[in-house]
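Working notes, beginning with the structure itself.
Per-chain numbering from 1; labels A, B, C, D, E and F assigned in written order.
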């Protein structure tokens, strides 16, 4: 067992939990919660892929000199991607929630079965 | 004039917090901190007026230091109290809500009083209305308001009265 | 040491995720989802991504929880409104 | 029942598909080529101590611009979905508008008033130090937004000036693009921060325009998130 | 320097014991108010001691740790107060199941007439 | 020497964390869960400062500051929801 492996497995399991909730729950609110769990799981996978053995944060200060950084720091690119992905995740969640509230006010129910227009 | 006074106090508090945050001092950080604090003080932000209650007289500062010491001693007492309660096989609790009086009028003083009460042995502030504090007490010793006030409030009130005027 | 912390946090995170799906009370589920984010942010810190940890703690946990709670209280208000309307005109109840 | 079986099957298929990805993997010893380039030359190139900040603001600056656009679109969407319903006038039958909400305790109001400037200063600390510490515009913006949220929690009837928010948002967005264009004119390309002096590495005034850009991002993100939350709060159904 | 680090380690150990105490209290106490009692106090002191210990081991970190401590001291009791007020509003009785002290009831009545009870939201 | 004792302290804090997490899962009511969340985040703050010490990076303390603010905000949000102030 090493850290990359653990983080990847955790991310996969969390995504699977999110998928499971997304597929089995009928309540719109639970589905959105499951979606945010899935989101977190995917972020964790991305961060786990960027990990380097014994890696520390890619930030230079007294503890990490500029010249000797290679081999000591983790990959900064996944961090940057996940950083923006989290913010977008919040915006998407807010959008879904306002949609759920609208569904409730027009259908008087939070169940996904109440939304029939797009069913086939 | 009064507006200038509370703005100055707010500025001092903000600059102090900034200096704590950037502990290894450097001149650039200092300039930035002063600029940001000035900006926040000049902008018509909602809460700045609260800072008017902070006093800078030597007596007040002295009382504040004593008050912090008393508070820390009380916190240690509170934790030993909690420890003794938690580890006993049968929990020695007789909880309830009591009403106590306070003389404090200033907002920050009341906030500090409520926070101190929450951190001291066995009490949590539940509600504050006018002069009356409603306090959840984990083991009720005294039922009437005066004794309870004596036990819970007085020890802090005498300091806070001076500190926040 | 950091491996131990990682494993414990991970197990707690997964159980929190399952709890978020199966707790009956919706607000409790929202709190559980927030806890998942908080634990995830500790995990990000361990794998050397403090930027992500900070963002996850601030956005994933706090603001998401707050947004969920606001939406849920709007739904609760709508429910109340529906109930009062239904009791006013009993013959035409919804659903 | 059969539905649930199919779901379990699908999840099992995903799990089996992902299994080799997770199981065979070891901790990587070397960075990928792109990351290696960033780590080796990023500090000399841009002068920012935090490489993630370099990537977010400069190397992948266009991504961030697009991301902020997405955030803006989401804010507009939330506003549209909620504002389609006119809030009922209070006192009308069956309405549970703002007046039934309970205001916070006096202590919470005092605490919020006291903490508000300090939290704003903390948020500014975070986004000004984006190139030195793990902070940055997004986190700092969230801290600004949460300070406003604290005020809203303390007093649920507080009115917020949306005009001010929109002005702040529009100005910071425009300034962000303008700084990007300055980079195009005076340095190598769009959103290139090197048109300001690089300064001494590790100091606050370093890394060219990166702190400026991150501060603008912070103000914009803060204004947008405040807008989302306040829209969800105000719209009494 | 080493001596200071060892002292700091012991202080941290004391802090973590207080944290454990808080956890046990939250685990054992019978109702929400009492859980809050142990939760707030013991975690505040525990984290304070933990920070002092870390600060002794790394003397250049004092600034941030002091900021953290001040922040916790302002916010932790405040959030407890708000939570207690909310619990009281939704009508949770502070009394234990068995105890019906008449004297305690007297003081409670003042409190219980404080707000109308409509605890159906939770 | 000092590191061993620090590790013991961290393990104890971790145990406290796990015990508190029990209340999040089973806590009979919302209030219990929020109390546990409050306590848990303070414990996590201690954990983060310990991690900063273990990995030797002062920059991680900034994360702890944001984390503390966030726990406060979350608890107040849920409490205000409970008393219908949201």
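In the analysis below, contacts are C-beta pairs under 8 Å (C-beta built on N, C-alpha and C of every residue); 3 or more make two chains touch, one makes a residue touch a chain.
Fair warning: this is a prediction, and the values are worked out from it, not measured in the lab.
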item	value
Chain labels contacting chain C and also chain E	D, F
Distance-maximising chain from chain A - centres being C-alpha averages	B
Pair with more cross-chain C-beta pairs in contact, given E-F and A-F	E-F
Chain centre separation in whole Å, for chain D relative to chain C (CA means)	19
Whole-Å gap separating chain A and chain E, where each centre is the average of the chain's CA atoms	32
CA centroid of chain B to CA centroid of chain E, Å	15
Shared interface positions of chain A, touching two or more other chains	3, 20, 50-52, 56-59, 61, 73, 79-80, 83, 86-87, 90, 94, 97-98, 101, 105
Two or more partner chains touched - positions in chain C	2, 25, 27, 46, 49-51, 53-55, 58-59, 62-63, 66-67, 70-72, 74, 78
Chain B: positions in contact with at least two other chains	17, 21-22, 111, 114, 125, 127
Of chain B, residues touching chain D in the complex	10, 13-14, 17-18, 21-22, 26, 28-29, 32, 36-37, 40-41, 45-51, 107-108, 110-111, 114, 125, 127-128
Chain C contact footprint on chain A (complex, rising order)	1, 3, 6-7, 10, 13-14, 17-18, 20-21, 25, 27, 29-30, 32-34, 36-37, 40, 43-44, 47-48, 50-52, 55-59, 73-74, 78-80, 82-83, 86-87, 89-90, 93-94, 97-98, 100-101, 104-105, 108-110
Interfacial residue positions of chain A with respect to chain F in the complex	56-57, 59, 61-64
Touch list for chain F against partner chain C, complex	7, 10-11, 14, 17-18, 21, 24-25, 27, 30, 33-34, 37, 40-41, 44, 47-48, 51, 54-55, 57, 59-60, 62-63, 66-67, 69-71, 73-74, 77-78, 81, 84, 86
Residue ranges of chain C touching chain F (in the complex, touch as defined)	1-2, 4-5, 8, 12, 15-16, 19, 25, 27-28, 31-32, 34-35, 38, 41-42, 45-46, 50, 53-54, 57-58, 61-62, 65-66, 69-70, 72-73
